[in-house]
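Structures incoming, each one as structure tokens.
There are two complexes below, and they share subunit A, which is joined by subunit B in the first and by subunit C in the second.
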Partner chain A sequence: MRILIVLVRLAWRYLWRNHRRTIIMLGAIVLGTWAMIFMTALTRGMVDQMIADGISAIPGHVQVHGQGYLDDPSVTRSIPLSDEEFAARFADAGFSAWATRVRVPAVITSERESRGVTLLGIDPAAERDFSFVDYGAVDGRFLESPEDSGIVIGAKLADTLETRVGKRVVLMSQDPDNDIADRGFRVVGVFEANMQAFEEGFVFVGKATAQKMLRMGTATTEAVFVGDDYRNVEPVYDKVAAGVGDAVTVSRWTEVDTYLGTMLKTMDGFVLVWMIVIFLALSFGLVNTLVMAVFERVREIGLMLALGMKPAMILGQIIIESMMLLALGLLIGTALAWASIVPLEGGIDLSAVGEGMEMWGASSVLYPKLYLEDVVLANVVVLVLGFFASLSPAWRASRYEPVEAITKVG
Partner chain B sequence: MNIVLRLAWRNIWRQPRRTWLTTGAMVFSNILLVFMISLQFGMYGLMINNTLQVFSGHMQVQAPGYVDDAKMRQVVDDVQPLAAHLREALGSDTVAARARAFALASSEDRTYGIAIYGVEPRHEPRVSNLPGLVEHGRYLQDDDAYEIVIGSVLARNLQVATGDELTLLGSGVDGSFAAAVVVVAGIFESGVKDIDRNIAQMPLTAFQDMFYMNGAGHQVVILAPSLADAPELQARVEALVGADDGLVVQDWDALQPGLRQAIQADMSSAFFMYGILVVLVAFSVLNTQLMSVLERTHEFGVVMALGMKPGLLGRIVLLESALMGLLGFVLGVIAGTALTAWLSVRGFTMPGMDEMAAQFNLPARIYPPVTLLSVAIGPFVVFVFTLLASVYPAWRLRRLHPVEAMRVN
Partner chain C sequence: MTAVRCIDICKTYTQGDVDIKALDHLSIEIEKGEFVCLMSPSGGGKTTLLNAIGGLDIPDSGEVWVGGQRIDQMSKGELAELRLANIGFVFQAYNLIPVLTARENVEFVMQVQGVRPAERHVKSMVLLEEVGLEGLEDRLPAEMSGGQQQRVAVARAIVSRPELVLADEPTANLDSHTAADLMELFVQLNEHHQTTFVIATHDQGVMRYAKRLVRMRDGRIVDDVQQNAA
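Entry: the complex of A and B
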């Protein structure tokens, strides 16, 4: 133990003997660490938001559809289970939220324009918690019950249709016999969403009203289930799959939106690759610094060896020196990253490239997210790889022949 | 000069390991930069071409405001004569008129809302890839009237094949009821889900008939020979249609606003990463050169006492960095180009690329092109930063005093 203290003290002093070199190397490590953590926080924030937005459009973590519906989203492929059966099976299952709904493609027409949209017939109370519409922030009002006779549309769609709260629009779709099903609705609310595509693509009507319009009785086409954690939907999936039987299709959100699912999967890989690339760029400088530090004190090392210091201690001392340098750099770099992310947590406005971000599936405000795991990962990557990088110079230093080393002209 | 060069060359090989480590940092980042930048440029080119050539063209003549709202009554009057006029005046075939409306399409079993385009069958294939992507049946012909070509996903959803009938239901330009029965002539497959799911094309004259367009349309699409030719062509088109016609020319950036921004967003995050990489290399060079200058203080004192000017010493130090930088540049470019060239033959892909690429109209395997710019730009920046990093160590020499320097051991 005493030896360790001596080695640590020695290493610390050696580190500051050439303070210029140490400070430059420290600068590089600090910058590298900062970049690792900062960039990761930005990416995590973006993907988190993308997934949050994406899941709210799907919505839910696990979905149930009639067989073939995903390929052919038609009213004829409704779910062969009634709301009562769903309630009997899942009322006490412990999901955060769940709902059944009617979701079919439709055409909406005002006196001026027509557009293709997705009609969502919902029970507003059941979806309040996971809807991408903030009920309270709707211009006008949101739907109040499944029997509500009004329609709620997006701001962008209202614009295109030249309609507004209080005016009438017509929805057209097909009923199960493929007769045209149409019905007039009064616009009772106009919502705004993170994504323009949501505002253009979705309209909300009461579930019972939609069922009546589409002449589908009490059938629904989609059931959605929300669990506690979108990263781990297996418990929800298993419970739902066991509950509904084989007559329907059960899918995870990662299967409904494969782009988002892939994003989530490749994220961790991307973060790790980025950290390793940064470390490799650093490692050349690190090894160089150690090589120089060893080289300029070859004679001292020879002397220590001659005086009876064990080669293992030389090895240990140089590795401790390297670890100290890295740890110090990591400490400052991490602190700096934290200090630069915290003021940005209110969101970074990217609306200048908003439509481009939407193409990526992201909204135009970026909220950086600093995760403890990422900070730990960055530190571990640097320390572990740094340890291996310093092995070679340290090993070399401990293998000097004392006599040769002492007489070396440096 | 020769002797300076020789001195600098010998100096960097006094500590071969240090030189190789410093050069190694450069080579490492240069390989990465060459590869990443080539891949990026290749992807951006594909993104732009795939998106523009499939459908929207490099520019369109439209009514003002149509680009944002796409309302039915924001029309271009007498759209076919205008397109014919532009074809003649520009001496170009790649001009075609279109009109667009939303309608409900019903087959025997299914009904879906779709976007219907009225197109000129003879000219459309010259401005868009879609006609060439017809998988079943055929594309529209001049003497077609109530024939329609639809996307493959739509055909599957509607459960129709070529020869089947569809009933279209929509609103005319004046808000009146518009309906027609059309025959499916062909089914195209672009691979872009949104296009294959939502789009149908019918002859423009029949479209004008059905939707009471009275000879009007919504857009004249113009495809330039290449993206680089687009601005010049646009100036010529603007001179021809003029503002007094109540029309505007929208460039591809206005037609596909997401495209340039997606590229910008991607570029800025990539450049942030590249910047970090380059600065880390610069740190490495700064450290090496500062150490190599410091450890030679005594020696520098001696040569200065013998009459060498500090300015020349500084030049030697800069030259040393330049030589190392050059070495890193050459090795990095060779290795990076080799890697990229290999991938440009074999193709680059990674897990999850399918889904990611589809989002941007990209194929799942990308063949990054090797161009002078994409190969040289990254390493060149690294080289410049290498030189910048050694300015400080070289500049320190100016303050060196021979006698004091010789006292340093």
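Entry: the complex of A and C
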């Protein structure tokens, strides 16, 4: 233990003997750490938002469907539980939000065009909090109740169909007996969404209106539950699974939307790879710095060995020196990253440079997201890999012959 | 008791195509408590012999025993332990750790030994005063003269009371007065604590203090006499 104090003091003094080199290396570590954390926060923010948008549009964190619905989303595979039964089981369960819906494929036809869409029959009050549609920003108005007889469509779809608020469209789908079910609607609202795909693919009608049109009584095809954190949906999943029984399928959002689910998983791997790549760039400088620091100290190391330090202590001294340098760089780099991310958490507007990002599901305002796990990961990556990178120069230093040091003159 | 025993040791350095016999079938035995001066013309093998005794350099052949242990077959770690616990060194060319102050240099060996800070502190201050460096405790080696540095090295070599002190030209950079003071210090330690001294020197003044004079030439002992110390 005492020897550690000696080694730490020596390491610290040696670190500052050559300020210039230490400061340059420190700068590189600071920059590398900053880049690791900052870039990770940007990417996390981007993916978070893609996922958040995606989830709010479609899945909800956990979903319940009739059996077979996910493979064949038809009205015949509705959920064998009534809204009353859902309410009885989950009204006090503590979810952030939940709702039941009618969700089936349909064809929408205007005077000029037809398109395949997903029909969402919803209770607008129940979904207000997690819908991707900002009810207040709809051109016209949003649905007002489950019995609303109007339809709300996306701006992009309205363009394609060459229709607008006040005009009529026809929705066509199948009823549980596989007969054609259709109905005319007046377009009461046109919404805009972060993602084009949503504007093109989803139309909203009242839940009761949809049930009547599809001749399905009070049945629904989908129940969605929203918890606090989309990254950790297990508590919600467990509660829902326990509440609904075996006659239905319970899925996490990652299972329903495999694209987004895979993306979230890939992200973790990507972040690690990114950090390691930056570290590799840093490690060249680090190893080089250590090799030089050791080389210019051949005689001093020899002297310490001659006085009775064991080779292992020399090894320790060099590694401690390297760890100190890294720790100091990490500290400053992390602080700097934090200081540069926090002011940006309100969002970075990329609409000037980011045309087209919307197409693949990113919105044009980027909200960097600093996760403690990422900060810890960056620090651990640098310290652990830095330790291994220091081993070779440190080992070489510990192999010096004391006699060379004390007999060499000059 | 025998403090140091070298049996027929040889050390050959090869420089270009020339073989230099730095030690040539040399044998010597030194009892505990002896005060030995090694003398030779430059290049006579004094430093090489001290290094062999200190386990810093392994002879090509022959045996080296220190304090009853054979050291020429020890591992680096064992040698380091032996040096740390039993031997105090003053080297000829390079002695102090440049990033440590005078006091820290004196305390260095004790620190590695694990001596408690308070004890270390007292001992180092006392010795720095004895070698005439009071007031310079916090200077770095670069801020001291060659003679002052040498005295710090001497203080370090004896501060932890080793059984054996190997000193290579300990008075090289000192005026005759300071040199005499240092030698008095050595003699005192030698007489009160039975510390064994082996000192390599050119300095006539130093030789006066020796109880045994060993003259070397070309890696061999050519003369070995007891004398009455001054």
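Please note the rule applied: the second predicted complex is superposed on the first by the 333 of 410 C-alpha atoms of A that agree within 3 Å, B and C clash if a C-alpha of one lies under 4 Å from a C-alpha of the other, contacts with A are read in each partner's own complex, and residues count from 1 in each chain.
By our rule, a contact is a pair of C-beta atoms (placed from the backbone, for glycine too) under 8 Å apart; a residue touches a chain by one contact, two chains touch by 3 or more.
Bear in mind that the values here come from a model prediction, so they are computed numbers and not experimental data.
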A:T266 contacts which: subunit B (first), subunit C (second), both, neither?
-> first
Count the residues of subunit A touched by subunit B and by subunit C, then name the partner with the higher count.
-> B
Please work out whether A:N288 is in contact with subunit B alone, subunit C alone, both, or neither, and reply first, second, both or neither.
-> first
Mind sorting out which residues of subunit A both subunit B and subunit C touch, each in its own complex?
-> none
Subunit B residues within the subunit A interface of the complex | 15, 17-18, 21-22, 24-25, 28-29, 32, 69-73, 101-104, 106-115, 156-157, 159, 169-171, 175, 198, 257-266, 269, 272-273, 276-277, 279-281, 283-284, 286-288, 290-291, 294-295, 350-352, 354-356, 358-360
Per the touch rule, the subunit A residues reaching subunit B in their complex are 18, 20-21, 24-25, 27-28, 31-32, 35, 39, 42, 71-74, 76, 105-107, 109, 111-117, 159-160, 162, 172-174, 178, 180, 258-259, 261-263, 265-266, 269, 274, 277-278, 280-282, 284-285, 287-289, 291-292, 295-296, 350, 352-361
Given the complex with subunit A, which residues does subunit C contribute to the contact?
-> 47, 51, 54, 56-57, 76-77, 80-85, 87, 89, 91-100, 108-109, 111-114, 156
If you look only at subunit A, which of its residues touch subunit C in the complex?
-> 2-3, 5-6, 10, 13-14, 17, 299-300, 303-313, 402-403, 405-409
